[in-house]
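This is the structure, below, for whatever I ask next.
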Amino acid sequence: MAVPAGLDWVLVIIGEIMIAVGVISDLIAAIGLLRFPNFYVRLHAATIGTIWGAFVPLIGAALVAAGADFLGRYRWFMAGGAVITAVLILILGPAGSHALARAAHRSKAAVVQPKVVDHLEEDSRAPSPKEEGGEESEAEVKEGGEP
Amino acid sequence: MEAGILTIGALAPILVVLAFILPLLGIFIKRKIFFHAYAVVVTALIAAATTYNLIVVWREGPQLYAFGGWPPPLGISYEVDALGAVLGALTAWVMLFIAIYSRWYMDKETGIPYYYTLLLGLEAGLIGCIYTGDVFNLFVMLEVLSISAYGLVGFHRGRAEAVEAAVKYGIIGAAATTVYFIALVFIYGSYGTLNMADLAIKARVMAVATPFSGGYYGNIAVAAALAVALSLWVFTYKSALFPNHFWLPDAHPEAPTPVSAALSGLVVNIGAYAVMRFLYTMFGSNSVLTVAKYPFRDIILWALLILGIVSGLVGALMMIVQEDIKRLLAYSTVSHIGLVFMGLSLGFSTVPLAATQEALTASLYHLINHSVGKALLFMAAGIFIGIAGTRKLDGLAGSGRKAPLATAAFFIGFLQLMGLPPLGGFFSKFLLYSAFMEAGMPIVAVLVVIISAISVLGYAKAMYSVWFRPSAKEFENVTGITLPTAVVLLLAVACVGLGIAAPYLTSALSTTIANSLMSKGVLSYIQAFLKTINYLSPP
Amino acid sequence: MADRLVKAVGPAVLAFITYIIFSGSVTPYDLVTATVVAVIVGLLVANLMIHNPRKLLQVQRLGWLIVYAIRYFFIDEVKAHLDVMSRIVRPSMPINPGIVRVPYYVESDYAMTTIANSITNTPGTVVVDLDTERKIFYVHWIDVKALEAERTRKEISEVFERFAKRIFD
Amino acid sequence: MRRAYKYAVLVAMIVSTLALALAVSAGGLGYALPFPAVRNLAYWYLRTTYNPFMPKFTASAPEAVTAIVWDYRGLDTLFETSVFFLAIIASMALMRGIEVKAPKSINLSKYGMSAIVKTVTKITVAIILAASASIALHGQLTPGGGFQGGATAAVAPLVIIVIFSLYFAVSSGIKKKSMLTLRTLGLLGIGVTSFAVIVAGLILGKAAYVFQNQPKEAAPIGFPSHILGVPMGGTLLFFNIFEFLAVAAGFTIVFLLLSVPEESVRKVLEGGEGHD
Amino acid sequence: MTVSESEVITFIIITLPIYMAAFTLYAVRALKGPTIPDTVLAIDAMTYDLAAFLVVLAIFFRSPILIPTAIVLALWVYALDIYVAKYLESKEMGE
Amino acid sequence: MIDVNAFLFSVLVFSLIMNLGISLYGIFWRPSLVKKIIALTILGDTANVLAIVVGYRAWIAPNRPPIPPVLTTWKPTATDLSKFSSLAVDPLPQALVLTAVVIGLAVTVFLVFLTIQVYRLHGTTDVRKIAKLKG
Amino acid sequence: MISPETLVFGVLAALGLISMVATFMAVMERDLLKAVLFSAVQSTAYAFMFYILMAPDILLVYVPVAVGLYPAVILFLIKKTERFEGGEEE
């Protein structure tokens, strides 16, 4: 199995660009993780690290592997493994950060500070109006939520 | 040369596979008697097989079983010489008695399948440790042994002391085995092999390259010294030598009584056995550890001697103040292990070889005496505890009168450990004494006597409580102790036999030592290894 | 049992594809083991995974998935990433965070999860919690631009929702 | 104050590490770097793990580590597995008599974590199981093997227990008994595989060894080395499959036991049992 | 014309220090805390990136055989996330 | 002249040795049983890394790294085999470590169960308090 | 230009130092939950080391055990027992 001539270079170049994007995103995400003031804001930096920092370079590495002849017969194994890992990260990464954010909010392990508004806090503090539409709560927000 | 003796190679794997089945059967079979019978049958088979191995090894010299048909350093091999065969048979037979005794003791407990799984696992670990010819396999078998032991110590999960003792035993034990693993890393790093016989060659002949493992890497003397020093921690920990004895008085008494017998009688032997393997078979008297530039071996042996003495004294002294009969017996184990280590440490380069051989013989003899005697004592104590319902010596007062036969056996066991002349204990202690006299260490020889004398006080206290002391309350007449009494009586007969056969045994064990630990024995150990390599190597 | 077999088809196909891609080779050995593994895995997870197996057969859903993937990765992700990355590297670090309500109007769990994961996967918005009864996501937003439910939905999740509806509902 | 002390110790350790390293490398000690040649024993492993030129002295698996683990040093691995098994048995002995039953009239969706995580788990379980099976079944060709695959597969039951709640897991068949059965069967399979050749040898009257895999000069029977043109390493494939089952089940047992609610444990324990 | 090995390798060598800097910064955040979710988040991001970078490094080492490691890393870190989240939000781990 | 490679490699080795020391401190001197277990896992891990370091081999050229001990061809020629054995790292320590990891896992799992049981019976996992409770 | 070999060894050295700091923090930390997570950081560093030292098999075993299982088991343990070493918060 070989990639048609000419295409391999294209694959490699695209893959390298993706890897480069990934590495730079990693660095920026790490800086963001250090600079941002609280856990919830850091979640966004971590998302950069997950999607552009991990998903993209994984796909890129798969492309490079598909194009790079010198890796031998196992390079399809590598490409396949990288793609499956990328897909799993794409699915699992957000679920993990969501679970973490929810747990942090429920257990008050991390405070939402600074903040403009925290509707979740309001809704969980007030006994939630069960069968009422979204309009009702909208009004509440306007009263208390404006910065 | 055939493929090797199957009973050597298949013993431990079959044993552990037989143990695997038990929990599954436990789901389907609820009758307890089935598990008792199963355990007895399996241990009896193992006892028969180890005895067969002993006979074969005795007749034909060291036997090597190469697993998978790979020549030894490439594959794992079990190598059984006379010493290993003797200890293996001892282990299997004592274990058989323990399994029979468990029929009585464990009948009222829950979780019988788990108990027997762990007990058979313990036996597999013991047999594997003794038979193995590979230092890394020794590590694995030590872990098999240890995990079973931790599980059994904590088996009475409702007792706070039991669980706590198991945790203490477990954490430090796991650290110790990890340190042994580091020692193995050093050994492999510098010698490039893990086989005991191969290491024995390489530690002695400075410029040899065995077919599959040539060359040295770095300074092998330093590496060997470091490895031995690190690995001694785990061995002394397993046999509860003085600074590492802290767990034993907590752990052994808290285990179920048959397990106490196994731990005190058999598990502590492993440490002594492994030290013999390390300091005599592998890094022996003419090895790299004794050359003039690096006299590491003498330092290590001196340290062991001193620790043995201290251990003997501490154990004997602590026995006197104990109020709990099983704790008293546990401290007695510490004391006796001290004696055993004193014997096996008499291998300095300045000591005449005859004295070394005599001391090692005494050590081995004492190991056997102690195993049988201590198993007997724990099991007999279990009977009295069952009668009185307490472990305190005060509460046990007079309980022996309800079970006179067991008491008789109990007394024989104590006299055995005390060292009264017609019994085995006397001869092994005497042999130890004369070995030290011969080696020109009269002070140490006298210390052996002193340790025995101190321990007499503790034993006398226990004996007095069980039989002579008037009981505070009236015990009910007990029934159903026929089986355990029979077991302890059989062991008592064994004790007497060990004493009566002393002249024969002394010479037989002396031959055993000569055939396995002295230079002639090591040579035959190595020859069996080389023969196998030649037989199995590719053309 | 027959019901289970029908349900098992979806996960089995997924497992088969995963196995082959992960192995990266198509020797007879791989095909045989992949089939065995796929059947076993399919039967194991059948009841867990699929509620309505017929949806799998509608090919246009797959087409929408691909369209959605392309649009998502090349437009939405790029915009969001560049936005947050610029916030990180700018010395003033302009952030204006808060947790807002975002309603959603899809039925199935898969569609809802797709929307939520899409929201979380774009930097700048993270689903912190959700209320399945009132159909509201609580989204942590790095730069709160709106507070009313419909406007937040327009800003954050409208595109995702449109596609999710086509793919899963 | 204590904090400052702590960090001072940390800094001192880092500095001393660097200083020691500097001293060693400046001293020119040969041990500082790995050796250019591999040890002789390792050389033999690398030479014989897959060598068509020595058909009577090879393990027939391109993966040297798996070959060592299950063929050259198979005994170690058998006992390693039994250590894990004995640990599980000892743990079960500590937790004996404690059964988890899903309450009859219970709304399972009330337990567990958020709906998003649940849905994601539903999708990924199949992928996880397939990938782990691939790791295990290619253990003789690529890095991986029974333990690795089993440990990866164990993610699935574990996240199910944690995300959907223990009751859901129990009601959908992840039970202690079935897992113990699976575990025991896996181990028995390992045992049978390790004794297969020697039993065949005893029947055929030929020399054979415990844990034998490929035919040897001295013991001429063994497992087939290739299957469908792919090296399968003889026994290694079977060992990997059984170990896969055993490890996945073992991990699951551990987590089932650990996630038992504390109240029900206390209820059993207070039922009273102590023994002298 | 086949892909030149040295070109790809050189490219990866250039990315290596940048990546290592990111890894160190993640580790700093993980060790600094201040709260539990912060630490987990940092480990999370660190490990996903590590999984990606292991694949890239496999090209550098010319050993595509090293790949299955990445998937295991990603899966188990997800499991770690879940455990910690469960720990924080519920009373019993099994409920 | 200091060999930079040797320096960097020694930093690795010495930090591992430091880790051994720290974890031994944790096992013996920290009061909490849980902390002891954590330190125990670190000790085991560090020993494993040391074993792998022992099995590593030097690079044959500055840009020719060693390869994992996996042969990537199924129909090797003699050249392939000799190239493989001249590049691959030592597989034996890896096999040993595999065994050691699983064993460490088993022991840790059981210790965890024991510790939970200790807490059920004593109400604490602090060894100092347990010693006090015992009297 | 630094040679690739030096670069890789430099990564190893950095990982060694990171793991050392993480180990130290894990052993010294009073909050056991944090200690577990620090030991997970150390495990990640070790996992990377295994990779660079060309031991993919070990990585595959080690990651489930040390990154996944140990923290999980110890989290369960802490949940069932107490979270702070030496009693609840100071």
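By written order: A, B, C, D, E, F and G. Residues from 1 in each chain.
By our rule, a residue touches a chain if its C-beta (ideal position, glycine included) is under 8 Å from a C-beta of that chain, and two chains touch if they have at least 3 such contacts.
Just so we're clear, the structure is a prediction, and the values are computed from it rather than from any experiment.
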Minimum number of chain-to-chain touching steps separating chain B from chain C: 2
Farthest chain relative to chain G (centres taken as mean CA coordinates): B
Most widely separated chain from chain C, with each centre as the mean of CA atoms: B
Averaged-CA centre spacing for the pair chain D and chain A, given as whole angstrom: 31
Distance from the mean Cα position of chain F to that of chain D, given in whole angstrom: 16
Chain B-chain G separation of Cα centroids, rounded to whole Å: 37
Junction residues of chain D - those touching two or more other chains: 13, 17, 35, 39, 41-42, 45, 63, 65, 72-73, 76, 80, 83, 86-87, 90, 94, 113-114, 116-117, 120, 123, 127-128, 131, 135, 142-144, 147-148, 151-152, 155, 158, 230, 254, 258-259, 262, 269
Chain F: positions in contact with at least two other chains: 5, 7-9, 11, 13-15, 18, 22, 37, 53, 55-56, 63, 65, 67-70, 72-73, 88-89, 92, 94, 96, 98-99, 102-110, 112, 114-115, 117
Interface hub residues of chain B, defined as touching at least two other chains: 136, 140, 143, 147, 150-151, 154, 157-159, 188
In the complex with chain A, residue positions of chain C that touch it: 18, 20-25, 77, 81, 84-85, 87-89, 93, 95-101, 103, 116-117, 120-129, 131, 133-134, 136, 138, 140, 142, 144, 147-149
In the complex with chain D, residue positions of chain F that touch it: 2-3, 5-11, 13-15, 18, 22, 53, 55-58, 60, 68-76, 78, 81, 84-85, 88-92, 94-96, 98-99, 102-103, 105-107, 109-110, 112-114, 117, 120
In the complex with chain G, residue positions of chain D that touch it: 6, 9-10, 13-14, 17, 63, 65-66, 135, 143-145, 147-148, 151-152, 154-155, 158, 251, 254-255, 258-259, 262
Contact set on chain F toward chain E in their complex: 63, 65, 67-68, 70, 72
Of chain A, residues touching chain D in the complex: 74, 77, 84, 87-88, 91-92, 95, 98-99, 102
